[in-house]
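Below you'll find a set of structures to go through.
The two complexes that follow have subunit A in common; it is paired with subunit B in the first and with subunit C in the second.
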Partner chain A sequence: MFDHLKRLSAVKSGSGIKFLSPAVFPGNHCPMRIASVIVEDIRGLSSLLVGTPECATHSRLFSPLPEGRNGELHWLYVIDSNEVVFGCREGVADALRKMDRAGAEAILIIGTCIPELIGEDMEGLIHEIQPELKAQVTFVMLGQFKNVSYPPGSWKTMEAMASLMDRCETDSRRINVLGRSPFEEHIPEPAVTGYLESKELKLRYLAPGASLDDFRQAPDAALNVVLSPFAQPLAVRMEREFGVPFIALHDKYAPSDIDRAYGDIARAAGYEPDGRFDEEKRQAENIQAKAEERLKGMSFVFSQRIDMPVPLAAYLTEIGMVPLLLHIEEYYSADSAHTRKIKDAGYDPPVCRITNIAEDEKLIKELNPDICMGYFLKTDMKYVPDMYDFYGQTGYGRTVNILKRILEVTGE
Partner chain B sequence: MGLLRFKPIPSGRMGTLWTLSTIKNAALVEFGCMGHMLYSGVTLKHGGVNDLCRLYSTHIDETDIALGGTERLEHTVANIIKNDSPKVIFFLPSAVPEVIGTDLRALCDELQQEHPEVMMIPFGHGGFNVNQHDGVKNALLTLVKNIPAEVGKTPEPTFNIIGSCADLFRFQADAAETIRAVEGAFGIKPLCVLTSGTCIEDIERMGGAHVNLVIRREGEAAAKYLQRKYGTPYILHRPYGIDGTAEWLEEIERVLGSAFDRAFVEKERGIARSMLEPVMPRFRHMSRSHMEEVTLHLGAHADIVEGILSFGCREMGFNKGVCWCDSPDMGTDELPYYSEEKWIPAVEGLKDGLFMSSGEILEWAGRSLSMQISYPDRSWHLHPFEPPFMGFRGAVNLVNLWINCNIERW
Partner chain C sequence: MKKIAVYGKGGIGKSTTVSNISAAMASMGLTVLQVGCDPKADSSRNLTGGQNIPTVLEVLRKKGDPELEDLVVKSTTGVLCVESGGPIPGVGCAGRGIITAFEKLEELDAFGVYKPDVVMYDVLGDVVCGGFAMPIRGGYAEDVCIVTSGEMMSLYAAANISHAVRSFGKRGYASLRGLILNAKNFEGEQELVDRAAAEIDTPVLYRMPRNQLVQQAEADGKTVVEAFPDSEMAQHYRTLAKLLLEGGGDV
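Right after this comes the complex of A and B.
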């Protein structure tokens, strides 16, 4: 039943993760979806979606209007039968010229399955046409046969924004916060950002909701603080291309790891730690000690809607829990360190994609886990729902709340 | 199709899916990337189609593409048969396999031998030059070629409706009103409403009907096939308006050879006319003195535009304005096809009159969505019992929309 699945240590990227059961219903989101959502939310950024009528039609579920509030253009390029054979280079080039004339400031090309399948060379096309255009152009290729679920639509789109950045002089007081919107209301503000502001550091938030100008000027920062797995590839690229170092907080669950990361931020930003987080750290250590005592030996399964399953599984394993099966939406390169931790603890659970939750719940039940986490339709297994509530949160508070929720559900 | 600002004409693959999506006791499998089916499912739910035909995909990855792997399809079919026990499995063409040349028909033949207890039907028309309307046409034809059983005519007269599909706005309400009118006029029952509100067993019985009522031109090929195979006559007519609906019933009367209930039709006419009466003086005044205000501008499926226009002009004394259809294959001199390149300036130029079109166009133009007569849009339509556009009750609904639009503009 689970024999067809790979073990965690055998997975090197998102494409290596097998489906738990074969009949997909309803399945995972396409990466085009999240790319369409992101481009609509970056002020000043236009987009050109290249694909089939299906892709063009469905993209309008997420980016419904052809023109944005600030003059952005979100136009579509539908490939015809001739272009499937001979390529769509000329047509896309003409489309970019038209968008340029219509006033687009910068354009992100979103390539979907068919342009990716026929090997359309978007990089070459942009290289060729860019000198003609006033608008800056970048691209992201998101064929779903290569990018199985939605996360690549997010991290690849964010990463592509680096192509629109200007090289600039470093401002030692500037910190970019990657993965949080400047107008975020739904996700509580992480304690660390308010604290950084209290140190008179200037924060720039880079995520959907930011402006094209924010992205363009981002290389002036002295440090990137990363709050989301979707933003880490952008941080890696900015470090490589612009020399901006980064510190990731999103994959730190253990109080000791969080403490170390906060110390690293203080050193990079040039201030002395002043014990601001000591009480939060103490609370996290206390609940972790309680969890270690009460959850030790309990087995768990991850279902959908857990934003960082591998780092979280590594942390739960560290406090003594036993991973049985992990649904992984995307395997990030940074996950390999967490995979090693799980392996070092003596575990190597099978990993899967759940694409038919109603049927897959029955299979999971046969594993007889002590607790499940993530999304389930209806199950009599003990499970922690709404794990996506923690997306975008970081620090000691998140660890405390996750452990509290698990302890509540296990009745401990 | 090239560069577009608005949604393109949907593909044949989408037309096929929308046609099949409402058939119960069947499963549909798309051998392709799963995003298409996920969002098609969302779009269908927006249109009030939920959990009728079971919609599955296999997903497909780069290894499948490089090595021509089709195991996913085999495993998916086995899984569906085990869990759902459908009577029929439909195989939907998908963009990536179309490009790499996957022979869906041959795969289906192999699977049919493996699972003889389930009928398997592969659908074609997946190419990149095939549009929604061809997809619907082919899907309807393929259904009637494969599923109807060898049956004799029913002892009492019965009818089928062909062409009520989920790609048409308010398809359930229009089908319901059509059935109500025929049942009321002739006292006869439908065997199958292809494809809204139908199931495999209904399609199997289609050959027993005495007449096929085709309500969109894409259904005519299916009706012709049924005529050849079962000798069933058909009528291609999408009835709009009070007189228009009565004339359609007269047509059915001629084909069926049995008289309809005059009292029912007169009663329906009377009810509709009395409902319209309060607003008719205003419309008559407009027709005499402000013709521009009762000029109908329509953009939608050709049969819908022709039907509504006929009601407006013949029965209400309105004027024909800017009218177009949404399929290049259906355009004529009287009713041309407009791509967005043509309808954008046409809509921008509209100052007066009654404009009905898709939700997408109305929203962009800043017009009331109550004047929507076609997809696409981005609203939800969970309620299958909304007022229809067709039939006697549809006539009242249309006039109600027009008077409110007229009041808003004045």
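Right after this comes the complex of A and C.
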């Protein structure tokens, strides 16, 4: 029944993750949608979407205006039948020239399926045309056929922003916070950001909601603190191209790992840790000890809506739980380290995409898990719902709350 | 890491030349990865005892999501061999196939895992579309060599390829290193190639003489470097290998 699925250790990218069942599913959103929404939320950044008439029409459903709130341009380039054969570089170059004359400050080209399919060379195009333009240009290729799900629309767009960054002198008091906007009021602010501000460090948030200038100046930071898997590829690229080191917090669940990461941040930012998180750490260690005792040997299955399934599965495995099946929406390259931890613990669960939970639940029941996590319809299995509540959170508090919920559901 | 793409008209002896260069480099103690970029998938036959190896696209088609070990075959000469392959004849798109094969190797971190000192791309006759331009794009190769004889169609293809490489050069990609003459031994051949090289504005890097040992080695599914290591012809390939390693750009 699960033979068609790959084991976690055999997965190297999102394309290795199979659907759990052939249950009816209309498909995921095009990653172009996410990219178009993100670009609208970066002040000063214009965009040129290159695709079929359907791509253009579809993008206008959620990004309806050709002008942004601050004079940005969000233009569409519709490929014609000749360009499918001969490529669209000349037409796209002309469009970029027009956008440049119309005052675009920086332009993100969003390539969709056809340019990707015919191997349109956006990198080469930009190399050639950039000297003519005042506007800086970058690009992201988001052929849906290569991106089974929607997260690449986020992380590839964020990663493309590195091309717009300026090399600048390091400001030892500056820290970039990647993957978090200060305007995300619906998500509790991670404790670490307020703490860093209390140390009189200057924080710059790099996420939708930031400005083009924020991105441009970002290489002046002494450190990137990463709070989201969508931003880690950008952090990796900034380290490679600008030498800005990064510390990721979003994938740390174990109190010891969080403690080490906080210590690393303190060292990189040049302040002495003052015990601010000691109480939170103690609480996390206490509840972890309780969880280790009560959850040891209990098996689990992840369903949809867990934003970082591999790091979380690695942590739950570390405290003695047994992974049976994981729904993974996107496999990030950074997941490989967590995969190794799970493998080292003696497990290698099958991974899948659950797309129709009503049908797929029957299959999951066959595994007889002690507990499930993530999205389910009404089910008689024990499960922890609403795992997406933890999206955007980090630190000891998140670990405490996740373990509390699991312990509550197991009722022990 | 040195990355060299070798182009040339079909049947001109590209794969023979590339395999021998790869074998020569491997015999110098270098880790060499040879990537065949032709749907015929016969680039590495002389390195693998005349046997075809599974191609990237074939494995992808059958297995869906291959492991690196499914795609890379270590030959008796020590050369690591990959064949991109192509779609089923008459169906699909060969250029798209090449792009997919390259992306799959990158996704599986082939260069990181095998850490080759040299990557040799053996690319089919012409830069016919975006797919077949992949080896000279995006940092895959930095040097391009064109194998040619003095025959008109071979030189015509060389001119086309050089034009394509030059147009890509404007975009900061690979540059044309020169021609490799794989001689057919007809009268006036050398002069014809010299004239063509002058017109293309590129040097003739090496003049490989015609030698029966090449066919004899091929009959055994071997390179000359492996089958007749002490021969004069093997020495020619080793000299060319050194020449390619010493000049051009490092990636």
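The rule is simple: the second predicted complex is superposed on the first by the 407 of 412 C-alpha atoms of A that agree within 3 Å, B and C clash if a C-alpha of one lies under 4 Å from a C-alpha of the other, contacts with A are read in each partner's own complex, and residues count from 1 in each chain.
Definition applied: a residue touches a chain if its C-beta (ideal position, glycine included) is under 8 Å from a C-beta of that chain, and two chains touch if they have at least 3 such contacts.
What you see is a predicted model, and the numbers here were worked out from it, not measured in a lab.
J.: Have a look at where A:36 lands relative to subunit B and subunit C in the superposition and call it first, second, both or neither.
T.: neither
J.: For A:77, is the partner it touches subunit B (first), subunit C (second), both, or none of the two (neither)?
T.: The answer is first: A:77 touches subunit B but not subunit C.
J.: Report for A:118: first if it touches subunit B alone, second if subunit C alone, otherwise both or neither.
T.: Both partners, subunit B and subunit C.
J.: Going by the contact rule stated at the top, is it subunit B or subunit C that touches a larger number of residues on subunit A?
T.: The partner making contact with more of subunit A's residues is B.
J.: Quick one: is A:52 in contact with subunit B, with subunit C, with both, or with neither? Answer first, second, both or neither.
T.: first
J.: Mind working out whether A:91 is in touch with subunit B, subunit C, both or neither, as first, second, both or neither?
T.: It touches subunit B, and subunit C stays clear.
J.: Quick one: is A:145 in contact with subunit B, with subunit C, with both, or with neither? Answer first, second, both or neither.
T.: In the superposition, A:145 touches subunit B alone.
J.: Would you sort A:12 into first (subunit B), second (subunit C), both or neither based on which partner it touches?
T.: Touch status of A:12: second partner only.
J.: So, A:25: does it touch subunit B (first), subunit C (second), both, or neither?
T.: The first partner, subunit B, only.
J.: Which subunit A residues contact subunit B in one complex and subunit C in the other?
T.: Shared contact residues on subunit A (touching subunit B in one complex, subunit C in the other): 15, 117-118, 146.
J.: In the complex formed with subunit A, which residues of subunit C make contact?
T.: Residues 64-65, 67, 93, 95-96, 99, 103, 107-109, 129-131, 133-134, 137-138, 168, 170-173 of subunit C touch subunit A in their complex.
J.: Flag every residue of subunit A that touches subunit C in the complex, lowest number first.
T.: The contact residues of subunit A facing subunit C are 6, 10-13, 15-16, 18, 87, 117-121, 123-125, 127-128, 146.
J.: What does subunit B use to touch subunit A in their complex?
T.: Listed in rising order, the residues are 1-11, 13-14, 29, 33-43, 54-62, 64-65, 72, 75-76, 78-80, 83, 95-96, 99-100, 127-129, 360, 364, 376, 378.
J.: Hey, which residues of subunit A end up touching subunit B in the complex?
T.: Touch residues, subunit A against subunit B: 15, 19, 21-33, 52-54, 56-58, 60-61, 64-67, 75-81, 84, 91, 94-95, 98, 113-114, 117-118, 143-146, 148, 355, 359.
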